[in-house]
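Note that subunit A is present in both complexes that follow, paired respectively with subunit B and with subunit C.
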Partner chain A sequence: HLATSLPLPSERDHLRPRIDMVVFMIDIKSKYSLKNVETSLAYVDASFFLGKVCFLVTGVGRVNACSIETNAVCKLAEAYCSPVLFCELELEGIRAATAQRLLRMLQICAGHIPGVSALSFVSLMRNSNVD
Partner chain B sequence: MMRHGAGSDWSVRKAGAGSTGASEAAGPRRVRRSRDSAHRCPLSEGSEHSSERTHSNSPGRQPAPHPSARTRPRFPGGSIMDATVAEYIRRTVLKMPKDEIKMMLQKWGFLSEAQLQTLNFHQIKDNISHEVVQLCEENSADIKQAAALDIIYNHIYQNKRMWSVYQMKKSGEEDEYFDIADFKKKFKRRIRSALKNVTITFKEYEDNAIWIRVAWGTPYKKPNQYKPSYVVYHSQTPYIFISASMLKSNLPLLCQALIVASNYHDIREMELRSHSLNSLKDIVFKRYSQNFETYTPKPLQGGNVEPENADIRIIHENGREKERIHRLNQEAFGSGPQPQLEFAQYKLETMFKSGPKMDVLDKKEPFRCLVKFSSPHLLESLKSLAPAGMADAPLSPLLTCIPHKARNYFKIREKKKSFVSP
Partner chain C sequence: MAAGRGPARGPTGAAFERRGRAAAAMAEEALEDGRTARTLPSLRQLSRALPFARSHGRLGVSASGRLTVPALCSQESADPQQTAFALRKAWTLYSVTPLHRFRRSRLSDYARLLSAFIAAEKQKGLAVEVGVELDIKVALSSLAELRGSELDQAALLVQLSSRSRASSKNSEDKLVWSGWFCSMFGDELSENVPENFTCLPLFLTHGAESYTSLVGSWFQKTFDCCFRRLAISPLNLSWMVAMWAGYKLERAASAVELVFSMPCLSQPLDISYAIHPEDAKALWDTVQKTPGEITQGEVDVFMDCLYAHFHRHFKIHLSAAKLVKVSTGIASAHCDGIVKILHSQYLPGVLMLLTELAISQIQ
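Here is the complex of A and B:
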């Protein structure tokens, strides 16, 4: 399901299946995008933040067009205990790789992979710079 | 610059050609001939000229016979073409893209088809331009023809220039029959009565556009052909499009001549500027697709927003919001292509209001603000802001009013109205 902001329109509530994962897409070229995500986060139930939320930052290939600092995004992700992925949608290879990663994460969140739960994503949170 | 070297009185450094050395020569120096007439006879000059010409075309400094020198018939009388005219024609040809030179020369019509056949368009542009100048010498081109060639180039590449729009006002009488000959006569007379050293050229096009090229001089100097002003006038409208040269001081005279010639009594500059002349015409002649207010009570079904992909597994949760944005956009911009503008400028003449904590002087205004939006195609990019999720719909009327108000320069004053149009 694609949505431009939360909360989701209530008239379709009955048509929606169970939501296993929420990916917030932030366009690094648009401050508006970050603001939108920040306001939408308030509408997500707390239980999702146990590994079922992920931030996806797009447009990182165009270095000259960055409007948001990656620092700001990383701080946001840390505050919400969720991992961040960076990608560039305009490059086919990266697009496909990112989609595969998300799909893998979704499989885990939905419980399709025995022995691995969404809680283990917390290991993605460990900052490799810090010892 | 002229040096009288030992072997060759034609030793001149060709400006901007990137070539150096005493062996360089260029035809335009011909005008000096008269001072040294004791040493020359036209015949030898003719041959000297063509042999000199070879120096400039060869990569090394070795003189090599110019390929055209053998095939072109010698012109015995020497040419009476002015040096400045020759140089101007040469530079105008150099501006043209190589594969368009032939077409433009044909449009020009000054060189015969037979002469054009003798030109080799597959050599470097430098050589082509020299050959063209030689042919022009055979036909004794003067500044009028050179100016006509310049108009042709600028008509095709009109979007390289920046155009401003002016509006004329009539004193109230109805339009009389427009007589183009009368217009030209009055225009020339008015300008020449103030300034003798001008070159004025007219050209009419099929869309009722009259192109006027004016090269300005001073009472003591001949007109500068390299910085002319261009005026485009559609006789059935009160609008004038001017691409001014650097010499802004001649603008009042130009405006005066225009209103005198076209029987109007006043002219004012509109706050509308762009590189795209056609777009400016579209805006003032209202030729772009405008929206008309339609009061449909309910938006249409989701069908009018084009589906991004046919994959039915993707569900767009915010379909209604997208429809709303699309509808508002249509109302604001219409559904057709937008006129092409490169920028919109907003000058804020409002007071700078600082918060109580800021330590800025509240006695004087510390800042004045100028907001400028630039884009290769401003209106299309504004139109795509809301659908792309980068701005809220509806957009500010300050942005959407640009084509309707026919202006892209605004002054925003304090709130009595939201903005003031002078």
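Here is the complex of A and C:
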């Protein structure tokens, strides 16, 4: 389910299936997308932040077009205890690889993988930030 | 040719190949921005692409701020004539890796070699001017005052002037191309570089692209360095406009102008947003907390105010568009790496920013 911002319109609440994971997409070329994500975060229930929220930063292939400071995104992700993925949607290989990663994360969040829960993402994050 | 120098390489087929590749490489770098990188940059590389947000330990600046108006190395004795050539011209920016075995005492030799190289390239039919018989004279000079700290190398100016063979011997030489290498507070690069290397990371050119590639390929061949077009990201442009809008100018200055390019449209659309310079300075003064220091947060607040004002009137989110050009009374900068500096007092400040961008592109 794709939405441009939160909260989702309440008229269709009863038709909507259970939400297992929320991916916030931030375009590195658009400061507006970061602001949009920041305001939308307020509408997410706190229980989602136990591994069911992920930030996806797109457009990182074009370093010369960035309007957002990557440190700001990383700080945001740290504040909300959620992982950040960086990708470039214009490159097919990376697009496919990112989609597979997200799908895998979704499977874990939905509980389809026995023995692994979404809480493990939080502990994995500490390692990926050490550069 | 005297011994002790590198082997004199004449215009052989191999040199031509290299020159063609070098010229193509210099042009290709400009195209590269039109294509995305093949592999993703690492997180460290991404963070480093935004140099102004780094902490600066030197010059007594706090962790996340930076000093705003540095002075030239010997400002007291600075000759305005020396720096006048840099003003009011549109310079195309390149970053240059350190030059190997560059000797400042041999400038006249280098000038001779370079003019021989250019003459040879012209003879091979790679004429830069078609149909006009031109002798290109090369002048290399050292500009001792154009540097920031004592650790910086003095700037190096290359000038190509022509004299038409048809005219009389006493006629004036016409300047057809100029380019200069400089380093303004580029200590970060020069600290870590071994002996025999000269660090002049910023290269500015004005004139025909063909001359730029000729001069560039000669330098690449002779000093084993690498030139790349220096692009300026919207984030860095917003830093520049925030810094420059805050500077005080005595006379009435031109408006602070930002040009945005709207994305994802079938027809290209540019929006030009002009602000009265006094209003811009007043806004910046309310945002900046410590005079002499700027943080990323302050730049963000400044830009957000401008975006909010525009949105209130036109209902367009400029924050979703790409900032391509900023222009103030001090200087103007375009994202393709073209700057024009208008005020000699702030020349070192602007050069310092550009040097930092060049260094971050090299590393």
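Keep this in mind: the second predicted complex is superposed on the first by the 126 of 131 C-alpha atoms of A that agree within 3 Å, B and C clash if a C-alpha of one lies under 4 Å from a C-alpha of the other, contacts with A are read in each partner's own complex, and residues count from 1 in each chain.
The rule we apply is simple: a contact is a pair of C-beta atoms (placed from the backbone, for glycine too) under 8 Å apart; a residue touches a chain by one contact, two chains touch by 3 or more.
All values reported here derive from a predicted model rather than from experimental measurement.
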First, second, both or neither for A:60, with subunit B first and subunit C second: second
Partner, of subunit C and subunit B, that touches more residues belonging to subunit A: C
Partner chain(s) touched by A:12 [first = subunit B, second = subunit C, both, neither]: first
Touching partner for A:3 - first (subunit B), second (subunit C), both, neither: first
First (subunit B), second (subunit C), both or neither touched by A:32: both
Which of subunit B and subunit C A:90 touches, first, second, both or neither: second
Partner chain in contact with A:107 - subunit B first, subunit C second, else both or neither: neither
Touching partner for A:68 - first (subunit B), second (subunit C), both, neither: second
Common interface residues of subunit A - those touching subunit B in one complex and subunit C in the other: 30, 32-33
List of subunit A residues in touch with subunit B within their complex: 1-5, 8-9, 12, 30, 32-33, 36
Touching residues on subunit A, where the partner in the complex is subunit C: 29-33, 35, 60-72, 74, 86-88, 90-91, 94, 131
Complex contact set, residues of subunit B against subunit A: 314-318, 320-322, 389-391
Parts of subunit C lying in touch with subunit A, wherever the complex brings them together: 33, 36-38, 40-47, 49-50, 53, 231-235, 238, 263, 296, 303, 307, 317, 319-323, 335
